[in-house]
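Listed below are the structures to be examined.
Two complexes, one shared chain (chain A), two partners (chain B, chain C).
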Partner chain A sequence: MAVQIAAASRSGLRSALPLLAPAYLWLTVAIFLPLSAMVFFSFMTDLPRSGKPWAFTLENYAAFFSQSLYLTLLVASLRLGLEVTLWCIVIGYPAAYVLAKVLKGRSREAIFLLVILPFWSNGLVRIFSWAMVLREGGILDTALNAVLPFKINIDLMYSYPAVIIGLVHSYVPYMVLTCYLTLQAIDDSLIEAGRSLGASRLQVLKRVIIPLSMPGLVAGAVLIFVPVVGSFMEPRILGGRTGTFYGTVIEDQFVAVFNWPLGAALSFILLAVVLVILAVTSPVLRRAA
Partner chain B sequence: MATTRILEWLGRVYILMLLAFLYLPIIIMALMSFNVSPFYQLPFEWTTEWYASLWQNNQLIAATRNSVEIAVITTIICTALGTAASLGLYRYDFRGKKFLQALLFPPIAIPWLITGTAMLIFFFGVGIGRGLHAILLGHVALALPYVIVVVSARLQTFAPELEEAARSLGANQWQVTNRVTLPWIMPGVIAGGLFAFAVSFDQFVVSYFLSTPGQTTLPVEIYAAIRKGFTPEINAVSTIIIVVSMALMLLTARFFKFGGEK
Partner chain C sequence: MAGVQVSNVSRSFGAHKALDDVSIDFADGGFYALLGPSGSGKTTLLRQIAGFDFPDSGRISIGGESVERVPVEKRRIGMVFQNYALFPNMSVSDNVAFGLSVRGEPKAVIASEVQRALDLVQLGTLGGRRPHQLSGGQRQRVALARAIVTTPRVLLLDEPLGALDKALRVDMQIELKRIQREIGITTIFVTHDQEEALTMSDRIGILRDGKLVQEGPPEEIYDRPKSEFAATFLGDANILRGNATGTGIRLPDGTGIAASAGVTLVAGMKASCAVRPERIRIATNAGVPDRAHANILTGRVSKRIFAGNNSTYFVDRDGQTIKVIVQNTGIEKLAEGQQVVLRWSSESTVLIDAS
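Right, the complex of A and B next:
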């Protein structure tokens, strides 16, 4: 029996191979081999094709651990990721709840689409659009001064809050999407049962709704945290000189300083952090999917 | 009951505020592209000169052409390879299938900064180098998992008995696929294709690392322009991009509900 099944599954693979091979070969050449190559290069003194002699070394990783700058920046990026994720939960979760439990029918469908539509539009352009709002003499400045009786100068551009605002704007639709999917699946009768048994609204929220929607919350948090830790374009545009993070330093190694092996080591360390996060949260993620 | 109604009303107001947060910057950016002042100064005076000057900007036009070409080729390759792979994963059982499905996750989940720099190193190392061909190679790999996921989701709604019925009525494998399976999953294939187009057309990070001065895409050009300083011309081209990408996604939503409604 077991032999038969094994034989059947082997023939299954043989029939499936022509269909699968092109796609997976492409992924191998363009994703998996490059990621492996990055690990390899991170242990080198120089690129083999650069013409200069090269050798294996641990120097690049030594640089990370001996110079506190890189570790500080990695911590700063992790903190940025955490802050953005928390803001996305605070802003996105109530919105997901209203979408899933208050709005009905066509208006729900339309508003849901409106909320997640920006997420699929150009991220670079959306970050740029905040420059119009946040800079001195920008819309926020002008509008507040028109309303307020006293003169204030709002110049958030090139500051840490600007980076946070831009990133939250970019990623909050993700949180709304994942939380909406799990909230929608909660049976209304569970909420009604809790209420009719004498629980207050807050108790129902704490004991029923939040625990049941936890997979969506975690999925959203991971899907936001991971790319934010690796962000470089957003801090560059909105953060200016204050916008130096781990991602921007990696970018510099490749486009400005041209120390590729160090860049590879820094990238790989970031990848390791990301993989740990994904591995720890994967059981919850699988349940959410 | 009164409390419930007040809470529901507050909820609606909240959603409107969220929509304002999401759309106001984009709308302001678009408005500024029609403003006369090159320094974004108010009062607002209508002009289309920034759009007119886009037509004089050969660098931007060339980058736009590159972006569209790469997106179209990416779409064609991804729909073909992605649909085939989805069928392979759907039809056959074999050892390691779970693993192959899990392999689709890293390209989506790993930050593009890491993927992009890894591609740069590898392509340079093996002699593929940088340029439009490298960007295309990367875009297809980034978009493929999305296409496979979307088409596979559509395949879940397909009854395998239909293929068996067609086969028992004498259709060969090619006919079964062409006349039975493909027509059924077509909405998923179209949605997957549109996804692939959007992923490629909006892609910045990977293109940025793989581009060379003469061979860039539109987002890379825009990033370079933003870092030099803001001009209404950037607003104009950004407005065009955002309108195109939002229109694309609306179109996609017609073919594929984002798992939203039951």
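Right, the complex of A and C next:
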């Protein structure tokens, strides 16, 4: 079948060209050109516009290896990506299961809307609303103290958990959506067949449902992990002083220090690391999917 | 192995009564067909027996043990689904092994039992394949092997042959029957195909609107239907309506029909007679009246449909069309529009209470 499709796509390529051209033209202008410029910058000593003389150099890349700080931050960002991805699975997968297999009709639509809602609100608004909730004397603190008989102090603001909460909130819809799609495609009779053969619900989940929904889990994980590793907004606003990550350092180079060449170089190192991680894990992920 | 008793089971979904006080006794080792049009409740009943759904009231027992509140995974049943429901992420062997493996059987036992089950369904060499690499008939066999490898107490089949083409379906009917005999398992089989029900089962239960209409061996239901619905749903039947006379019925035009099969009814009650199309003799002349052909009607051939080994004549009489099926012996060929005489015996006439 794969051979047939390949043959068909080859013969159809010429007629498909007018359909593909706009997309590729757009990608060339919108992604390839700016990225090429960034690659170019990353090998420069200084920005050409500043009037100072400039030259080509590898120093920006060398900087990453000469200071352990960058590596430490990269590892912290990778850990952040992993943790946020895991939390998104823990929270998103059960929600997707309920949406796909338990709820029907109007209630499904309503819950779906709630899941999608973060997508439709502005990212900054989302983060600042979390800031209102998490700070000392904030909504969470006040609400808990109003209910609980004893006094507790909740000040999650400017902490690692706050960053995790904000990021999970932003990215959990991806996991719900990708898992929902694969879970919905699983025929209910497979679940019934498993149970008729004596498997408990948990065994059916482990042996039938999770393996069959692996493509959705993998897609969701990739969609979440990659941007979270480079994220800077949530760490900066919700993390405060503890929120220094690889992404915030890159942002600093562009908006505060104006060292674009170093920022560009750090970005490409991140891109390379992410690609290597995906390449190394892809055989495992593909087998699972 | 065990028999299944369903006693007074009712189940409603909202205002819809899917099952209404159904009682059937499925004998140990029997092959039972649940037959009915779509929406008759036959699948609902099967799912109650399987344990996917619980009855609102009534009892279900398997092998004498009350199970109406026992979930499906604890009922020790085997089920074959309409779309086979093979696990696409597993090989054929792993599919068949699933039930034994979740039970925690030792690997060696699983391997030998799986091979035995695959051999039984004649797929001994295809264990390594994936379900999507199999034909429809092969998937059907895998589903069957998977359902019986755990030695369930009862085998439930939900329209298992519905997705197969005609020729393959006939093969699988024979095959399914052979396997069922070989392992002697109580089998309950849902179908809307009356021919399938007739050829395969020891007993048939006909359902309509959630009620059990009639239940018994195929010959009994075919020869002695207790209702017009049973008569027309299982096989073809001509229904003549009139008033009971004690020995048969009188049609509205005064013609008497003698019926010696079916119920006995008090004269004057509303009653129907069912006659199978193949029991009626068709001829151009009246012939000599005799005991074997007590009932005589005249009419005009309105249509003839040739079907190879037989022909169906549609004979119009007093505003009613009577169907007659005649074996093609090469002698009789009646033209459309021809005046004919229909004759049949009182033994072939089933009296039905229509009040």
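Everything that follows uses one rule, which is that the second predicted complex is superposed on the first by the 246 of 289 C-alpha atoms of A that agree within 3 Å, B and C clash if a C-alpha of one lies under 4 Å from a C-alpha of the other, contacts with A are read in each partner's own complex, and residues count from 1 in each chain.
The working rule: a contact is a pair of C-beta atoms (placed from the backbone, for glycine too) under 8 Å apart; a residue touches a chain by one contact, two chains touch by 3 or more.
The structure displayed is predicted, hence computed values, not measured ones.
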Clash-or-fit label for the pair chain B, chain C on chain A: fit
A:Ile237 contacts which: chain B (first), chain C (second), both, neither? first
For A:Leu78, using the defined touch cut-off, is the partner it touches chain B, chain C, both, or neither? Pick first, second, both or neither. neither
Of the two partner chains, chain B (first) and chain C (second), which one does A:Ala63 touch, if any: first, second, both, or neither? neither
Counting touched residues of chain A, say whether chain B or chain C comes out ahead. B
First (chain B), second (chain C), both or neither touched by A:Phe41: first
If we overlay the two complexes on their shared chain A, which of chain B and chain C does A:Ile111 touch? Say first, second, both or neither. first
According to the stated criteria, A:Leu190 is in contact with first (chain B), second (chain C), both, or neither; which is it? second
Using the superposition on chain A described above, determine whether A:Leu205 touches chain B (first), chain C (second), both, or neither. neither
Would you sort A:Leu86 into first (chain B), second (chain C), both or neither based on which partner it touches? neither
Chain B versus chain C - smallest C-alpha distance in the overlay, whole Å: 6
Touching chain A in the complex, chain C uses residues 50, 52, 71-74, 76-79, 81-83, 85-89, 98-99, 102-103, 146-147, 150, 156
Can you list the residues on chain A that touch chain B in the complex? 6, 8-10, 12-13, 15-20, 22-24, 26-27, 29-35, 37-38, 41, 47-49, 91, 94-95, 97-99, 102-103, 109, 111-118, 120-126, 128-133, 137-139, 142, 169, 172-173, 176-177, 180-181, 184, 201, 223, 226-227, 229-233, 236-237, 247, 250-251, 254-255, 260, 263-264, 267, 270-271, 274, 278
Which residues of chain B touch chain A in the complex? 7-8, 11-12, 14-15, 18-19, 21-26, 28-29, 32, 40-42, 81-82, 84-85, 87-89, 91-96, 100, 103, 106-107, 109-115, 117-125, 127, 137-138, 140-141, 144-145, 148, 198, 202, 204-205, 208-209, 219, 222-223, 226-227, 230, 234-235, 238, 241-242, 245-246, 248-250, 252-253, 258-262
Which residues of chain A touch chain C in their complex? 187, 189-190, 192-200, 203, 207-208, 211-212
